[in-house]
Structures are given as structure tokens and as C-alpha cells.
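The following blocks contain the structures, represented as C-alpha cells.
First chain A sits with chain B, and in the next complex the same chain sits with chain C.
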Partner chain A sequence: MGGLSLGEKHFIQGGIAQDLRCDGRKRLAYRPIYVETGVIPQANGSARVRMGATDVIASVKAELGKPSLLQPDKGKVSIYIDCSSTAEPAFEGRGGDELATELSVALQRCLLGGKSGAGAGIDLSSLIVVEGKICWDLYIDGLVVSSDGNLLDALGASIKAALSNTGIPRVQVAAGTANDEQPEVDVSDEEFLQFDTSGVPVIVTLTKVGRHYIVDATSEEESQMSSAVSISVNRQGHICGITKRGGAALDPSIILDMISVAKHVSEQVINKLDSEIASAEAQEES
Partner chain B sequence: MADKGGATPATYSPSPTTGRKKPPLLKEDWIRPDGRGFHQCRPALLDMHRFLSDSKCSRIDGALLIGGSAKRHLGPVSTRITSGVHGSVQPDIDFFRTGAVNAASGSAYAEIGNTKVIVSVFGPRESKKAMIYSDIGRLNCNVSFTTFATPVRGQGSDHKEYSTMLHKALEGAIILETFPKTTVDVFALVLESSGSHTSRCLGFGKRSQLEIMLCEALLLIDSMFLCNVPLQEVIASDNISECVSGDLPVVISCASLALADAGIMMYDLVASVSVSCFSKNLVIDPILEEENCQDGSLMITCMPSRYEITQLTVTGEWSTPKINEGMQLCLDACAKLAKIMRSCLKEAASDSQE
Partner chain C sequence: MEFVSPEGLRLDGRRPMEMRQIRAEIGAVSKADGSAIFEMGNTKVIAAVYGPREVQNRSQQISSHALVRCEYSMANFSTGDRMRKPKGDRRSTEISLVIRQTMEACILTHLLPRSQIDIYVQVLQADGGTRSACINAATLALADAGIPMRDFVTSCSAGYLNSTPLLDLNYVEDSAGGPDVTLGILPKLDKVTLFQMDSKLPIDILENVMQLAIEGCKAIASYIREILLENTNQLEYRRGV
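Let's look at the complex of A and B:
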């Protein structure tokens, strides 16, 4: 954001230094999170998350596919993010691509875990239908509708909500097919199975402005940042992924400090998000 | 999906797996495929020189590179440093000199284990007219792979993710204020990606021992033998975005050396090292087959003299003490790598004076 005057910049920086930000929050306070689920009827699961003026939608689509030969006992998950030009004129055409790729990579890193599957938010082996033959491919698509900072945390939250909203059709496999043939399947359109999303981590981004760091920065605050570290933490308090943005270098002790702060903050965020998701689901059903 | 409310909200539980058991936990006496210690890096070879008009540059023989073997000398050997970052027994690796980039302001070649990377730096040059005015310099990074860098012939295209990672790792170290209105180009070319050769050798030799430790790599070979699937297909079917992240630290370290060679002002050299986590063990500088069965990975790029981290990525599940340990391990290794890089620079400088 280039439209800030020197005075405004000082105001933002000074406020953060005194633990009172422009919108009255403290450094480690989130904006209220609003969750709506089931916003896209065409998808298997979807959710919309709003935090202040940041507005994102995530949809989950499941398709039957073939597992990779290297991992015949696992399904596949891919995450794609699209930055719509409705959010910011700069995203028009190819303008949003760079940000979109950065967000997709960060989300894949934070939510999908290591190669062996440790720390993964989604248990890939639960997506298998017939080992080596058929599995579910999950396509998670995120859309940035409106952007006012902290996109990564919002997208992470919306994916978590969309996954808990996702119903995967039960599949009947026709018995008695020969070993080398592709078995026939019958996809049920009445019975759905739900995901266990308790393992999906939340992402907490700590943005460093001056000597302090803040959570849930608005885009004005982000324009003043020197660097930002996004840490994904699951319910057990384990770190599931870290990405760093911004060029400025950080001392290792600061990073370790950020990790412990993120762990502390994530507890509140997980509880808040879970209750929001539960109430959104209840509202949808009524 | 409002209609699914009627269904019983059963948890989507994993279907009972048949046959294949979970790989056993790594044993204490586990040996790495290339015989290194857990906390030992691959041997590093760094070369960097100003491409003076009178330098005896030799061309890279294309055939040699396609064969992927660097076991021959080509041309005179220049600055040559062979040293494992944790300094123990080194296999002697031959090394050749590049003359492909005469025009570059600075360039460097690094060979760490099987990974071979050339980085050339151009500029500072005038920024494109279309760019808005900037009172600090711009950094333009690009990482590409040769078509023969990987076991399967690749596209040879640019690697977007690596390019942004390289940019993010370097921008904090360069004093951009020293070249306002101009752009510095950093082009990295990965000649050979790590682990491409050893994976072929796995099928032979100490297989029984390897079986315990290299679940995935062996699965690959097994599946090739059992199903008669050509290697090409096995790898092509895998997720395209999965690349050898073991190459990135080499690219970053090599790029900072090339920047220093080009005389771009920096706060410090940037060294980069990654560790993999296997249940309880931490393994430094992993190669491809290790990465394929890791629980998590951590990569740090840092400026060792200033003791600051410019870039950090973590995947997989880590506890806080584990992260502490991994970071410390990386930082120590980075400091040692930077020492090697520094001595390489010094040697090149004294060579050109003679």
C-alpha cells in the first residue's frame, strides 16, 4: 500500500509499539472471525471466512482418481488459491498470480505435512478406496474475494471449515473383479462420510513491525512490516509448518520466541474457530 | 451440502490396509545411503572466478553433462575446495571449470554431493522503463533446471517456487540501497539434481540393510520390478510439484557466492542448509531418497557472521525442542559452510592478483 503519508505510518508504528493498534486491538488480538459453511452447493464442502474486511471462500471438491504409483495407499490433495481482481485492481490479469502461488505453496506446506504424512491435516490414507486402483482426489480451491491483510490465516481457517463441511460419498466396490482390471464402483448419492478435521492445524501469522510483532495484521499494518512468519500449529501444540515472508533477517532467538507465542495464540484461535464452525453448521442445518 | 445432514456423521476412517505394513522405525545403527553420519553434510566443492579475458576457460562438454558424470577433468582445475561441512572423510570428487558465462559480472559453480549448480550474476543494469521509480535496487532471481538434471528428462523450465525462495533468501542480505534505479539479475541453473544416481544403485549391494531404512525408495524399485513399470512412468505419475528440495540450499549458497564475486554489496554471505526429521533422528543435508520418507524438513538460510536468519521453511510435524535442535544444527552447519565459501572467495581473489 503506497497511499500512506508519513504521519499515518508513524501513527501505525507508534500504536503498535504502545500495544494499542488503529482499530483498538492489542498486539496479540485477532479481529472477530465469521464463518459460514455450505456456501457453494456445487462443491462437496465449502466455507466462507471473514475477518474484518478480509473475505475468503474455500471449496472442496472430491473426484475419483488413481493413486500415484509411488504411494499406492494414499489419496491426493491439492490446494490452489485464486486472487480475484475484485479484491484489488492490482490482481487483474496475471497480477495476482505471484501472490496466489505464494499462498498456495505456503498452505500446502502448512496443511499437508511431511512426505511420510506426519503432521498432515488430512489423513491421505483415509482417501483410498481400492489400494493402488482408486482413490479420492481432493481439490481445495481458495478464492480471495476481498483483501485486508492476513490472507494466509483466513485461507487456512476457511479450508479447515470447508473440510469439516465436506461430505464424501460412500463408495461401493463391485466384488469379483480380476486383479489387473479397474474395479467398478458405485458412488452413493445419499450416504456421505465426514472428515475428521480435529488434526487440521491453524495458521498464525506474526507480522513484525518495528521491534514488536502482531497477529492478524490489516493491509495498512502489513505495509509497514519488515518480515512476517507464518506458523501452523495443531491442537496438540505441535508445529506443522513455518514460512517466512519479507526480506528482513531475524535473529534465531526471535524466531523461537515467535514460535512459543504462536503456540499460545493458536489455542485461542482453534477454540474460537471450532465454535464458529459448529454454530455455522448448526445454522445451515436448521 | 445440506442434504448430507440426514446421513449418519460417521468419521471417514482409514480403510484397513492390506499387505503393506508401516515401515519400521529407523534403528539406531541406521546408515545413510551414502555412508555419511547423521550430522554430516555432503562434501562441498565451490568454484568462483571472475571471467577475465585471459582466463583459461574451457567449454562444458554437453555429452558429459548428459551422461551426468563428473568423473573427468575438463580444462584446468581452478579454485578447488573439498571439505565436508562437518569435516570428516571426504571422497575425492573431480571437478571442472565452466566458461559458459563470459559476460557475467560474477559467477559461481557449486557441487555439493551430486547437486551441481551454476549461478551467474548480471548487472547492475538499468531497470526496465516500464518499472516505476525506485530509490533502492531491484533483485531479479530465476532458477531453472536443465532437461537432464533429473533422472527423468524434465521440461528444463523455470522453477517458479525456487525463484521466489531464492529471491526471498537473498533480498535481506543485499544492500539494495547501493544500486538505486537499477536491477541485478541472478540466474541459477541446476545442472544435476541430487540423489539421481544413488537411487539406481539401491537395488544392489546392502539391500537387506537398506530395506529397513529406505522404505519408499525401495518401494519404487520394487514396484518397477514387480509391475515392470518403466522408471519414467513411475516418476511422471508422481505429483509434479514435488521436487528435490535438497537442491535449494545449494542454489542459495552458490548464488550468494556469485553475488560476492560480482561485487554486489552485501551485509554478509548467505549460507543455507536443510535437515530432515525421521521420528527421533535429525539428518542434515538430505538427499532425494531420504527426503522421500522424511517426517518433516527444515531449511534455514542465514547470514552466519551476523547470526541472522533470512529465510526459514518448515514442513511436517515438529515439537518445539525438536525445532530448537534442528535450528541449532542448521546454524552451526551454515557457519561452517560460510567459512568454506569465504576461503573460496579469498583464494579466487588472490588468484586473479597473480
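Let's look at the complex of A and C:
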């Protein structure tokens, strides 16, 4: 966002300092979140999340694959984000790749945990079909359709909603195959297993503008930020991942302060999101 | 394979001359100057228009008329099998070009000299006829952006399988290998702006298939007109006129 005049910049900064932002929100208030599930019928699960003018779609596709040698008892999950040029003309061609990679990596860090798979928001051992031989590979694809700031939180919310919308087909494994052979499987197209998404964290991004920090910044506000810290928190209030973006350095005590604020805000966000997901699913069924 | 049953029904239960259900929505991307979602059955595309605005790359500026650009991209999840890195392959470049040329023909570019209009189309779901759906979505988005046009372009495809002309092919019928005619018309001027066909077809049959596609385009045109009218009425209501 380069087209802001000096007056506009001061207005945004002054508003944040006085706890009254341009759209009338307080510093720690989110925009209303709208969730729609099942938007991509071809996928195993999908959701569209809108927060103000930010609009993202996430889809989950499950494919049978082979678990890695190091973790024979775990399935695999990968997250890819794509920034559509509909969101911003600057994303044309390869222009959106840098942001897309930044978002993908941040989401992987926040949702998938470490290399060992420990601490992942998604229970990877529930994706195993035959230990060491067959597992489900989950491909989570996010698409940014329209961007007005706070993409990471919106993408995190859409992935959570898409996962709770996901049905993994039940798999029957043919008995009596030799140990070293690849067992034959029968994928059911009627029975689906629902995913337990209660452990999937939400992401709260605190954007620092001037001396204060705000949640759910719009792109105008993001253009004035000095740095932003994204914290993913699960339902138990545990921190699952932290990413800091932006150039300016932060005092360690401020970061700790931000974390405790994020923890507090996340409770409201999780409750809001859960009720939105539940009503979206109810609407889809009716 | 049998694409038309003896009872005269197609694989998805349609009659040969029946179109899939179409749905359009204006204003899907609030940050863009104009935008629309267009659905034809399971095919779903979003179009966003930015402009008319200052030319970003000065060397491309044209002093007599507007510069029209178009980018077509497919989402990773848009097809049945997941695919990676869809941007910039030959197929999307070709479709971008087709959409650009088609839209350029109907925009009154000479009224907007030294400016640039960007059309971005994003396929969310592909089930045959993405080309047509993209053009229809782009028309709506251009109209939403208030860009002067001669007429709007509407597009529809038709094919010929099992000795029957079929309107609006879906993915299975499209990949059957029969002829696939994609047609774009200017409904008010009654002129053809886009015409593409692959594989061979006797001329007299082509005439039938083409007529069918024109009927399809006209049906879409009347729907698009309805949607635009409704949108304008709503705008009027909001302004309190």
C-alpha cells in the first residue's frame, strides 16, 4: 500500500494511539469473521473465510502415499499457499511468490510443529493406514482471493475450518499380504472419518504501530507497522508457534507481553471461529 | 463410450440442448475496481478488474488507446488431481491471450488513452468450459468496474458426440475427444468475436453446432443482463435515488 498521504499516515497512527482505529474498532478487536464450508466440492474438505475485505479459501485433499522412513507411524501434511493476482495486481506472474512462500512457511511453523512432527496441531498418527507402508498425505492449499491485511490469521482460520469440514475415506486393508509387499487397499467412497480439529491452533498476529500493538490490521494499518509477531495458540492456551516479521527490533519484555495478550485474545477468536464453523456446517447440511 | 443414452439424456442427466445451471455474483473481491464470480455447473471462476489506471510500465503506454492486460490462473485445488505450479504454463498463457483479445474487442479503448486495464481471472473449480466461464466472468467484472464497452461478450461451448450436438460440455464430455466449439458473441450487435474448434467436423454439422452455441451465448447474455440490472437497482436503492 503505497498511496497514503502524510496526513492519512498520521491519522492511522494517532487513532491507534488513542485506541480508536479508522473503522471504529479498538486495538484488540477483530473484524467480523464469516465462514463458509464445502465451497470446493472436489476436495475432501474446504472453507472460505472472510474478514472485512480479506477473503481466503483453503482446501484439503487427501491422497494415499508412503510414510517416510524416519517416521513410519505418521502421515504427512503439507501446506501450500497461493496468492491470486485477483487480490493485488502486484501478484501477477511470479510477483506473489515471495509472499506466498512467507505465508506457507509461517503456517507450517504454526500448525505442523517441528521436524519430528511433535507438537503438531494435526494428529499425524491418525493419518496412518498401515504402519510403515501406507498413510494419508494431506495437501492443504490456501488461496488468497482478496487481501486487506492479516492474511496469516485468515489463512489459519480457513485451514482450521477446512480441516473440520474434511472427511477422510475409510480404508479397508486386504488381509494376508506378505510382510515386504505393498498391501492392497480398498478405499470406501461412502464412509468417511471426521477429523479431530480441537487441537488445531488459531493464529493471532499482533502488529506493532508506533508504541502500541493491534490485532487484525488492515492493509493500510500494516503499511504503518514496524514489526509484527504471529503467535499460534491452541484451545488449551498453549503456544504452538511464533513468527516475527518486519524489520524493527523488539524488546524481549514486549514480546512476552504480546504473548500473554495473544493468549487472551485467542480464547475469544477460538470461540467465535468454532461457532461460525458450526453454523456454516449446519447451513451446508440443510 | 456412450455420452447420450437412448432416452436422450447425457451423463449428468441433462438433455443435449440443456445448459448447466449458471450463477453469477457481482462484487466478490471488494478491493478490486470490479469483480464477479461466475459458475457454470461445477466450473467456478472469479474475475477481478483493476483500472482504468495509470500505466505501470511506462514503455507499454499507448497514447491512442488503453492497454488491456489479462492473466488466467488455476488454483491448485481446481482440478480433480492436485497439481502444483499452474502459473505461466502454455495453456494458461494461451487462454490469457484469448480472453485479452476477446475483451479488448468490446472495450471502447479509444476513450481511455494512456491508461491500463488489468483483468485477472482465477479458476476455483474446473469442470469443462473454463474458457467460456472466464469470459463471462470478465464481462461482468468489466461492467462492474464501469468500463465503457460496445456490448458485452458472452461465451458458451458446444460439441458433437454420438451424432448429437451437445450444449455446454462438462469435463468428461470435453475430454472425450470429440469436436469442441467455443464461441463468443456480442449479443446485441449479433456478431461473433471468439471462435475456436478442435478436431474435425462436417460443415453442415458445424452449422448446427454453432447455432446451438449461439443460442447458449444468448441465454447467458439474458442472464447476465438480469444480474447487472439487479445490481444496478441495488446500487440505486443504496444511494437512495
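Descriptive notes on the structure:
The rule we apply is simple: the second predicted complex is superposed on the first by the 282 of 286 C-alpha atoms of A that agree within 3 Å, B and C clash if a C-alpha of one lies under 4 Å from a C-alpha of the other, contacts with A are read in each partner's own complex, and residues count from 1 in each chain.
The definition used in the following text is that a residue touches a chain if its C-beta (ideal position, glycine included) is under 8 Å from a C-beta of that chain, and two chains touch if they have at least 3 such contacts.
Small disclaimer: the values here were computed from a predicted structure and weren't measured.
In the superposition on chain A, contact is made by A:Y139 with chain C only, not with chain B. Applying the stated contact rule after C-alpha superposition, one finds that A:E98 touches chain B and leaves chain C untouched. By the touch criterion defined above, A:D251 reaches chain B but does not reach chain C. With both structures placed on the common chain, the touch criterion links A:D82 to chain C but leaves chain B unconnected.
Within the superposed three-chain model, A:T243 lies in touch with chain B and out of touch with chain C [touch as defined at top]. By the touch criterion defined above, A:I57 lies against chain C but remains apart from chain B after alignment on the C-alpha atoms of chain A. Look at A:D73: by the touch rule set out above, it reaches chain B but stays clear of chain C.
When both complexes are overlaid on chain A, the residue A:D148 reaches chain C alone and has no touch with chain B. Common to the chain B and chain C contact sets on chain A are residues 41, 43. On the side of chain C, the complex with chain A involves touching residues 28-32, 35, 42, 46-48, 50, 56, 71, 73, 75-80, 82, 84, 87-88, 118, 120-122, 124-125.
Partner chain A is touched in their complex by these residues of chain B: 1-2, 4-7, 9-15, 17-20, 160-161, 164, 168, 171-173, 216, 219-220, 223, 227, 229, 233-235, 237-239, 241, 267, 277, 291-297, 302-303, 306-320, 323-324, 327, 331.
Across the complex, chain A meets chain B through its residues 38, 41, 43-45, 68-70, 72-73, 76, 78, 98, 101-102, 105, 108-109, 112-116, 118-119, 123, 125-126, 128-129, 131, 165-168, 190-196, 227, 229, 234, 238-252, 255-256, 259-260, 263, 284-285. Residues 39-43, 46, 53, 55, 57, 59, 61, 63, 80, 82, 84-89, 92-94, 139, 141, 143, 145-148 of chain A are the ones that touch chain C when the two sit in their complex.
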